[in-house]
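Letters A, B, C and D mark the chains as written, and numbering starts fresh at 1 in each.
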Amino acid sequence: MDLQAILDGIAQDAAQQADRGHVASYIPELACIDPGHFGIAVALPNGQIHAAGDATTPFSIQSISKVFTLSLALGRIGDGLWSRVGREPSGSRFNSIVQLEAEHGRPRNPFINAGALVVTDALMAGREPKTVLTETLTTLHSLCGHDQIFMNAAVATSEKQTGHTNRALAEFMKAHGNLNSPVDLVTDTYFHHCAIEMTCRDLAKAALAFVGAPGCPQLISPTRIRRLNALMLTCGHYDASGDFAFRVGFPGKSGVGGGIMAVIPGRAAVAVWSPGLNAVGNSKLGTEALEQLVQATGWSVFG
Amino acid sequence: MDLQAILDGIAQDAAQQADRGHVASYIPELACIDPGHFGIAVALPNGQIHAAGDATTPFSIQSISKVFTLSLALGRIGDGLWSRVGREPSGSRFNSIVQLEAEHGRPRNPFINAGALVVTDALMAGREPKTVLTETLTTLHSLCGHDQIFMNAAVATSEKQTGHTNRALAEFMKAHGNLNSPVDLVTDTYFHHCAIEMTCRDLAKAALAFVGAPGCPQLISPTRIRRLNALMLTCGHYDASGDFAFRVGFPGKSGVGGGIMAVIPGRAAVAVWSPGLNAVGNSKLGTEALEQLVQATGWSVFG
Amino acid sequence: MDLQAILDGIAQDAAQQADRGHVASYIPELACIDPGHFGIAVALPNGQIHAAGDATTPFSIQSISKVFTLSLALGRIGDGLWSRVGREPSGSRFNSIVQLEAEHGRPRNPFINAGALVVTDALMAGREPKTVLTETLTTLHSLCGHDQIFMNAAVATSEKQTGHTNRALAEFMKAHGNLNSPVDLVTDTYFHHCAIEMTCRDLAKAALAFVGAPGCPQLISPTRIRRLNALMLTCGHYDASGDFAFRVGFPGKSGVGGGIMAVIPGRAAVAVWSPGLNAVGNSKLGTEALEQLVQATGWSVFG
Amino acid sequence: MDLQAILDGIAQDAAQQADRGHVASYIPELACIDPGHFGIAVALPNGQIHAAGDATTPFSIQSISKVFTLSLALGRIGDGLWSRVGREPSGSRFNSIVQLEAEHGRPRNPFINAGALVVTDALMAGREPKTVLTETLTTLHSLCGHDQIFMNAAVATSEKQTGHTNRALAEFMKAHGNLNSPVDLVTDTYFHHCAIEMTCRDLAKAALAFVGAPGCPQLISPTRIRRLNALMLTCGHYDASGDFAFRVGFPGKSGVGGGIMAVIPGRAAVAVWSPGLNAVGNSKLGTEALEQLVQATGWSVFG
């Protein structure tokens, strides 16, 4: 299997796609991204990285950051975290508040916005936003082997200005006693870790932490790796998680910036980026690229 | 790895469990099953079967039958089936009607009751219940290599007498034009295929059809196998599917009779049976046994 | 106040209306009604009836029948009925099943379909459909002073053939133990009492039973009259009840056949009929006519 | 009819009641109110006021203030207000956010918290909180004929500190573009007008503005009076509005401070206060007192 040739083919196909989805428009910083971008990178446990397209252009990882904050929060708090957030697919949109009311402020899973806010609050554990954000960035620096990974302050500020739904979720959970730090500090921290920018190469490299093969960086225990992958598979794409599992067949986490991080357990980590989103809010060409990768490589957790 | 020793250990542990959950009580035929039963079987692609406990006692497979009717329906109709039923976890109980109203009679996935009723209707395609039930049994006979697999008429009759919720779901979908055959024929067929009885040994053997390794029976294509496993992982345990993926980590389908069929892609098929259910309606000892099996074998699709 | 002149004016205005709404189309018997019809009648406690338009043409009273069956059921069972059905506006469509799941099979009020099915079951109290239907018709005959009021068998049969949603509601309540008679008998009775046909003159005359003034027929006690009027005001127009109260300001009950029965407590009873429905399923010109009547007469329970 | 004797009897009965409900406990200022209080006052269009019990003790009117802010907002904006808030009973709790998501940030009616926040925002129309609060107080001063009506700053501050659910509602509506002023200013204004304190005598006198008889103060037009009364009847007691209409039978608005303001159109205005609430959050003895008043006087809008 010539992985590089496969990635080159995927990138070429992507370059010719006319229908690239729609770039997220709710804040100016994301809306002005050129939808023509496409990058893909595969990191192998032996250290090799294969990439094609715009794999060295930083993009806003947005919700993909939730996987890293969850890893850090589990390391800090342990399984006690699960008393505050569930592990079930929500069957609802990423920012739905409906389930939260019926279930008394306990979000269904850590990847919908409400759940990620609880995880951020748990990771804060009373600490300052700055401390937590530094810890998150330092972790990524360590996984990627360099410190050229930053948060985009303009994106974070824009998110803050328009983040009424996220504040509604946070206030609602605060009302139910499921948020310890002040709402403003939690949402601020959340907006900032979502504003981290990474390249496909770096993101694939960092995702090796969840591949669980010899040679991969050890961020969390093998048991936690398996569980995190299970969560990504069942909940990583909001209310399209089932469809992603059906079509692509391995764990992944998407972000509204057009990135998708995927894990092929024991084998490889993948990062793909194309800013245009499909109707359910996941990268259109990114999802299609992962389907192509599955067909070309036979990679799937399902046989 | 001494698989037989692992299964023996699991069966011994199960025999000593005091808290065995609660046997389904909604029909007399299921309520009178001795909760002391426990059986487990693992079928390997090479034809070997390892088993322990009550692995040769037939039990009511109930919702596990939905995997086989789905396989047959996909073979008959193809991917057009997905216009009538979704592929997303529901986030609701197995018999919830709420989502059905919001989504105009199209069930979230083929494993909740509403979805399985649509699949049964699709498989009928205007044919008589008897024809469809014979086709289903014949398929199981063929997979198991003998014809000693039957439907329990008393169970089916009881289900019919008490099946008001299922009829409500069927009538509701009929109202939305998502059921072709008459409601009574569809529910009748459904109650009967749920009343099929199998042993752990037979169920494990039949489940090899979804393992996708050389030597396994070929019921559906490799692509369909992967997709069916993805569906079982994301939707196979109703509103506890996420938890099952988190704790066990491979595709499975549970039934209210206390059985669970599980698939370790490329490696093995598992059937476990213990009639007592946990709070979310899945076999309590069965789920725990699969967790033990994961820990002892390292089997997981997630690394 | 020249009531006859007011009604004549209303009927003339209605005759000239181009936008008459849409006739209910779900069964052929209702769909083929000429939308050009318009009739209105006001019955006074002194026995006088003023009418205009097609006030002597029988139409399908549909859900208006629910007020009479509720009156009879209260007479038979008393306030114990309220343990089986609530008294709150539903905030949902007339045939919604969502609330029913959350509230375990107890409908919000007796005028949504689910609630009316429970009332019909309560009125049956184990008796045959024929007995109950005869009792209902006899009551109307008595109120109107003649026996030329009938059920339209073709309408009832069509309702039965297409009544999947109503059967879904009934099966769902049966599953929750809130239906005593068999589902088929309850829905059959329900479809038949909804298929009663009355003229505006007769309906207004029958509605005097809820006006509560000297000279009015005594079907239920003064306290029950007040309560029934309260129910009609808060729940009589499904999820447009608030709007009807806001715009018209007195108790009323609409039917999908285009009829509306309204009560001006202590003063008069009104029946209006125009087959075309507005977006929320109430008679378009009928509602507008009642608004005109309010403005011309000053009748309102609200000052 | 000796109204004074009726009120004296009601107050005596209330004084002897052992089960007085539970005082609202979510903020200390309300929790420490003595549940032994009971007051009632009836204001007649001729200027007479009859009262009994603690009718001159100020209490926190809370949600009752929503009727006055709605009146002022309608005066300022007119019927355009209804594009931002509905007129239907919600069928949900006073602080539910569920309906808001399904209906894109447009609250069902102006008396649930979300709706009242929109009304407050509309009344602000970009003005400062202080301006709006002064306008509200001045209106009450004018209606009552003196200026000894104040806001309780401690109550407002406590509400602000614990008002996470209300902020969640406001943020959610802001996200849907249905709030013009900043969330903090709107909630601040809302918390303050809810913290107005009035006596039963004053509240009854102010409520004459909605009675619509000669001699009553003219705050809004006769048509608006009728409509406001319709809204109070269908939506004034949250998800117990239907029950209040059924049992009491005239328009009313309750507050969590234990007050209820009621309107007998054309006849009288009533204020009753007893701090203990029933299970649905309305004054227990207050509701019972109004039922007694209905029985003794025959007052009802329903005949």
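One rule holds for everything that comes next: a residue touches a chain if its C-beta (ideal position, glycine included) is under 8 Å from a C-beta of that chain, and two chains touch if they have at least 3 such contacts.
Because the structure is a prediction, the values reported are computed rather than measured.
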| item | value |
| --- | --- |
| Neighbouring chains shared between subunit B and subunit D, ordered by label | A, C |
| Shared interface numbering between subunit C and subunit B [over half = same, under half = different] | same |
| Separation of mean Cα positions, subunit C and subunit A [Å, integer] | 55 |
| Between subunit A and subunit D, centroid-to-centroid distance (C-alpha), Å | 47 |
| Centroid distance [mean C-alpha coordinates] between subunit D and subunit C, Å | 32 |
| Multi-partner residues of subunit C (each touching 2 or more other chains) | none |
| Contacting chain pairs - touch in the sense defined above | A-B, A-D, B-C, C-D |
| Complex contact set, residues of subunit C against subunit D | 86-92, 99, 108-109, 210-213, 222, 225-227, 229-231, 233-235, 239-243, 245-246, 249, 251, 263, 265-266, 300-303 |
| Contact footprint of subunit D on subunit A as seen in their complex | 96-98, 100-102, 164-165, 167-172, 174-175, 183 |
